[in-house]
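Chains here go by letter, A, B, C and D, matching the order in which they are written, and residues are numbered from 1 within each.
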Amino acid sequence: MTGDAHHLLPSAEPVTLIDCHGRPVASTAYAAPDAAALVRAFAALVTARRLNDQAYALVRQGRLAVYPSSHGQEACQVAAAQVLAEGDWLFPTYRDTIAAVNRGVDPVEALSLLKGDWHCGYDPYEHHVAPHTTPLATQLPHAVGVAHAARLRGEPTVVMALCGDGGTSEGDFHEALNFAAVLRAPVVFLVQNNEYAISVPLARQTAAPSLAYKGIGYGVPGERVDGNDAAALLAVLGAAVERARAGGGPQLIEAHTYRMQAHTNADDASRYRRDSEVAAWVERDPLTRLEAHLRKRDLLDDARLAELTAEAERVATHLRDGLNRDVTPDPAMLFDHVYARPTPQLAEQAALVADELEREGALR
Amino acid sequence: MTGDAHHLLPSAEPVTLIDCHGRPVASTAYAAPDAAALVRAFAALVTARRLNDQAYALVRQGRLAVYPSSHGQEACQVAAAQVLAEGDWLFPTYRDTIAAVNRGVDPVEALSLLKGDWHCGYDPYEHHVAPHTTPLATQLPHAVGVAHAARLRGEPTVVMALCGDGGTSEGDFHEALNFAAVLRAPVVFLVQNNEYAISVPLARQTAAPSLAYKGIGYGVPGERVDGNDAAALLAVLGAAVERARAGGGPQLIEAHTYRMQAHTNADDASRYRRDSEVAAWVERDPLTRLEAHLRKRDLLDDARLAELTAEAERVATHLRDGLNRDVTPDPAMLFDHVYARPTPQLAEQAALVADELEREGALR
Amino acid sequence: MTVTAPGHQKLTMAQTLNRALRDAMTADPAVVVFGEDVGALGGVFRITDGLTAEFGEDRCFDTPLAESGIVGVAVGMAMNGLRPVVEMQFDAFAYPAFEQIVSHVAKMRNRTRGRVALPMVIRVPYAGGIGGVEHHCDSSEAYYAHTPGLHVVAPANPADAYGLLRAAIASDDPVVFLEPKKLYWSKEEVELGAPVPGIGTAVVRREGTDATLIAYGPAVPVALEAAEVAAAEGRSLQVVDLRSIVPFDDETVCAAVRRTGRAVVVAEASGFASVSSEIVARVTERCFHALAAPIRRVTGFDIPYPPPKLEHFQLPGVDRVLDAVDDLQWEDR
Amino acid sequence: MTVTAPGHQKLTMAQTLNRALRDAMTADPAVVVFGEDVGALGGVFRITDGLTAEFGEDRCFDTPLAESGIVGVAVGMAMNGLRPVVEMQFDAFAYPAFEQIVSHVAKMRNRTRGRVALPMVIRVPYAGGIGGVEHHCDSSEAYYAHTPGLHVVAPANPADAYGLLRAAIASDDPVVFLEPKKLYWSKEEVELGAPVPGIGTAVVRREGTDATLIAYGPAVPVALEAAEVAAAEGRSLQVVDLRSIVPFDDETVCAAVRRTGRAVVVAEASGFASVSSEIVARVTERCFHALAAPIRRVTGFDIPYPPPKLEHFQLPGVDRVLDAVDDLQWEDR
């Protein structure tokens, strides 16, 4: 029974294909993605960074209530989306707006939750992106259910389920991985280990050698990847998706990355970490790294970068315009979507609000 | 960070020190317990088996509502109790009555729950045995809390926390192991893998190579032991307790054993397993195995066995007498122990019952 | 809805529930059943007996022992075209799934403005009266009834059990389906082909003119028995069976109370901040001037469910109901 | 109880809660504080600010991110001589701990016939009105209040917050301590040396003769403001602040309602099967003939808590309270 146990263990070091200086790193286990894939990833990274920073700015301008930025984690976000095929599902957390956008979700709709207009601003079925989930790890069993339903119908769907290092401590993480393993559900669990859960550093979250070692306890292969290396992420996540699609079951992947900004703009990171710690991660930035690599290989030049920057600017403008447009949500919505049909009780309550509004109108 | 990861993995095969024929098995990792310890364990096993079978009989006679027997798992029960020092704590499940009794709990009081007199019939502080827990795995975080509190006070307490193979699937198992690891709490988690959770076989519970592989995901050493070999259990559990007491933190131990009877007498095991499967485990019986071993070493003879059997009979008689005594619990108890002092609301409700009883009395 | 076996038959509630599952699975391939021990064993109460044999492992299967996982996976399956019916083995063992139920099952439709519906049923064998040990006898309906977005129903007889379970499975909204354990073995002539009562409709089980007993689930037989005894003593009690706690049938209940001007709510759950509280509050709000006396409650006490030897003190019994009826200020006005 | 800083000071509720923790930790070395982000960060609301620095890592520490684990570990620590005070980061994030709270925290004393007490406090920043996103604004008191074995309290001002938290920590029973988030920054003259209100005592916050507003937690300031507005319009409203939901102060509440003969319950939580239902039910049961009109409820609707842009429709506001008062059948009799 335990003969093949060790293949479930992750590599001792995170898989890296491109180092901090943009130089290729040899790997026996994973082939580097082709040039087109890397260029595509880089384009997405440029827009991703711009969107992160734009959203952050919009908070300061009062157009967004709060934004948990993935600045520094963009390679995870982009790769998680790009390795999926049409029809595959993505299950994002509150920090994974960029991943959702990379699956096709309009960034304005994606930020509806954080603007305060409505909980989920997009149609989850349109791009097969589940609503952003706030209660930690609770989306993971949903991902297993979606995958298992597809498998029962013989569909080739793979599900990419995201969570953070903190989220791995929740019971739902455990139950989801176990269900996925027992059901052999085609789910890729990607843990973005950004070293912090709000203020709590990884060492207080777990005593494990690494989070990827949790896989073997479910009979799920664990793998570790450099979360700031888009090439390695595309390779490792891509392989996991292929394996799952082929019936190989779930996989657990820990991406080692770093939360460059505070948890959200409402957080004060100076209370629990030093700037020098953050500074050390700047040189591992996923954008500069891939940029250096592409330039070395002549896959990128200033002109092309200017184009990408302009495209990113266009998307940022779209976001800004969208969020600057004030929506006045209709209070009837409060009652419309609690059940397929309002209960008699809700109909009464809706009438009360309608009456209040009418009287207010009459007063004006 | 991962250099020392592999020492957290369990041995490929469960640790065995005495084989099915009572012959010693060499182990490089664990020394065999001394003769006195083995003889003491055997004495306890004889009583344990008798108690299990007596309790089962008492269900048929209607003196117990239900009994989840540990017949076949007695070596786990006895060893879990015997490796502890005075003042250490035991956290049992509903199936661990024998372990509780081996810590000193009166079997009559231990079975109060299953007789229906009161939820917990004994004082948990008297022998440091927590109430039997029914909601699966929920006792495990309690065990961590008791251990951590002791550690904060600098006390040498170790906590033995029991659960079943099914219980490992619950979120609370995960959270408890993680807390224990991060807090370095002196807890030994003993999973009695008896192959079934009611009707659900292990293969539907987990896809892991073995449950002991769950340890590494928390940075907790995992170990596997033959759960029908009292010697191996004493050695492995004893080492874990010592390690925990010395500040080495928690350990996860999976004991491979088998539930010889149905889940409880209310269960119909023929619906989900074949008799032949059960029969195969008879030769691995923990009692016959240790008996054969002790006889080979002249540590046991017929006369001594007769003594032990008589002692077991005495305990069984005590249990029978105790359970045959009908207790009429005082309904005032319903209200006395909800809060330190009854709320005004409860005082009113207690008065209502008292009034009913008085009127009933008046009618008679 | 096709029903395989029309005609009258004498069946227990356990049997009609099993039949409802089987008929629903036959009628709609999207219906899947899973939970702890629901496969080979057929569930500890045998409600899923034979389903794996008949429909295969894909349609009815055992899961790992993890209730949050069961409900969470069901959410995902419901999101992706299926109609899961999951079993929580006992009332108190649904609590590990509480976050999934409150934060997702109840809210998914609302969060997504109606785009993601969750047609799923959470079956909960519930309440006491069976001599069960602690954590096996909780009346947990208030937790669910207080949570907007869930339907909460509790049948009180085999026929309703069949009809309500079919309706629950057919519903496009999540339903918490409470099965009174002590009524599993109650037997009754059932016409399986009969029209299914809609979720949200209460029914007057017994006509009466002096006072109205309002009950649901396991308390209904108690109310009916009390009415029987009262009749012998010359008092005519009406009995309303809610069947559906959410939505609540204000119309039927209030009409019944107005007819008699007096009412007693009977329920097994602890009374404080409960469904009983709600019934008293909403009926009083609506029928205040028709009431000759305040509505009384006969409920479980505000204590943890007692051990078997003491549970009869906790259960609302006929005597306690009749005492409450006696207390309805018959002389005061 | 020793209190470090007597005398009057103008303090926010966040500050008095912090002071209560500090004073309790100083007074009793058995008091330990833990939860998510309560250490270096001082909690996302800064209620535990400075405690780790002052008392060390053993007395105030961050835990892994797992609420069931936090509460479960606290149970064990309380079993073994300590007095844990744990923080759930937001209301909806206490739900993963629901099984531990209902099946263990609430029942341990009862299960063990009083041998094992659990002197522990579960602090829950709760309710809305702060523009929070989904799952950050739940009014979850009904779940706890319905569960026998728990004390449930909710302060409505900085002084009570101090006193009730000291009382909760001193209690030998578990207390669910609900902190209205929107009142964290409300400021008041506080006399920290003043006698601590006992758990279980309501208080009349404002005298009045025409009708009684019954409120708790975040609804109290709304009730007081409504009374102020009503006074200007010539109607005299009395305001009762429950402070303690369990135990419930029937005496104070019923005396207040009897004085006016009319009442409105104001609460933020959804109304169905809620604490509000209980208040209406029990006050009506006790004061029926003193009531000129049925007691009205102004509560949250039976919907999931809405997004920020719409939350003002969900919150009971002054106008809605005054509408309910107007509805108390002033002309009918």
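Quick note on the criterion: a contact is a pair of C-beta atoms (placed from the backbone, for glycine too) under 8 Å apart; a residue touches a chain by one contact, two chains touch by 3 or more.
What you are looking at is a predicted structure, and each value in this text was computed from that prediction instead of being measured.
Asker: Could you tell me which chain lies farthest from chain D when each chain's centre is the average position of its Cα atoms?
Answerer: B
Asker: Going by the touch criterion at the top, tell me which pair is linked by more C-beta contacts: A-D or B-D.
Answerer: B-D
Asker: Would you kindly tell me how far, in whole Å, the mean C-alpha position of chain D lies from that of chain A?
Answerer: 36
Asker: Please report how many Å separate the Cα centroid of chain C from that of chain D, as a whole number.
Answerer: Centres of chain C and chain D (C-alpha means) sit 31 Å apart.
Asker: In angstrom, rounded to a whole number, how far apart do the mean CA points of chain A and chain C lie?
Answerer: 40
Asker: Can you pull out the residues of chain A that are in contact with at least two other chains?
Answerer: Correct list: 118-119, 135, 169-172, 174-175, 178, 182, 204-206, 333, 338, 343, 345.
Asker: Please set out, as single numbers or ranges, the residues of chain C touching at least two other chains.
Answerer: 63-64, 66, 68-69, 92, 95-96, 99, 103, 107, 110-111, 134-135, 148-149, 246, 248, 272, 301-304
Asker: What does chain A use to touch chain C in their complex?
Answerer: So the residues of chain A touching chain C come out as 118-120, 123-125, 130-131, 135, 138, 140-150, 152-153, 171-172, 174-176, 178-179, 182-183, 333, 336-340, 343-345.
Asker: For the complex, which residues does chain C have touching chain D?
Answerer: 68, 92, 95-96, 98-99, 102-103, 106-107, 110-111, 134-135, 142-143, 145-146, 148-149, 246, 248, 269-270, 272-278, 280-282, 284-286, 288, 291, 293-297, 301-304
Asker: For chain C, which residues are in contact with chain A within the complex?
Answerer: 32, 58, 63-64, 66, 68-69, 71-82, 84, 96, 99-100, 103-104, 107-117, 148-149, 151, 171-173, 200, 246-248, 250-251
Asker: Given the complex with chain B, which residues does chain A contribute to the contact?
Answerer: 1-5, 8-9, 12-13, 169-175, 178, 181-182, 184, 204-211, 213-220, 249
Asker: In the complex formed with chain B, which residues of chain C make contact?
Answerer: Residues 36-37, 39-42, 44, 62-66, 68-69, 92-93, 95-96, 131, 133-136, 272, 301-304, 306-310, 313-314, 319-320, 323.
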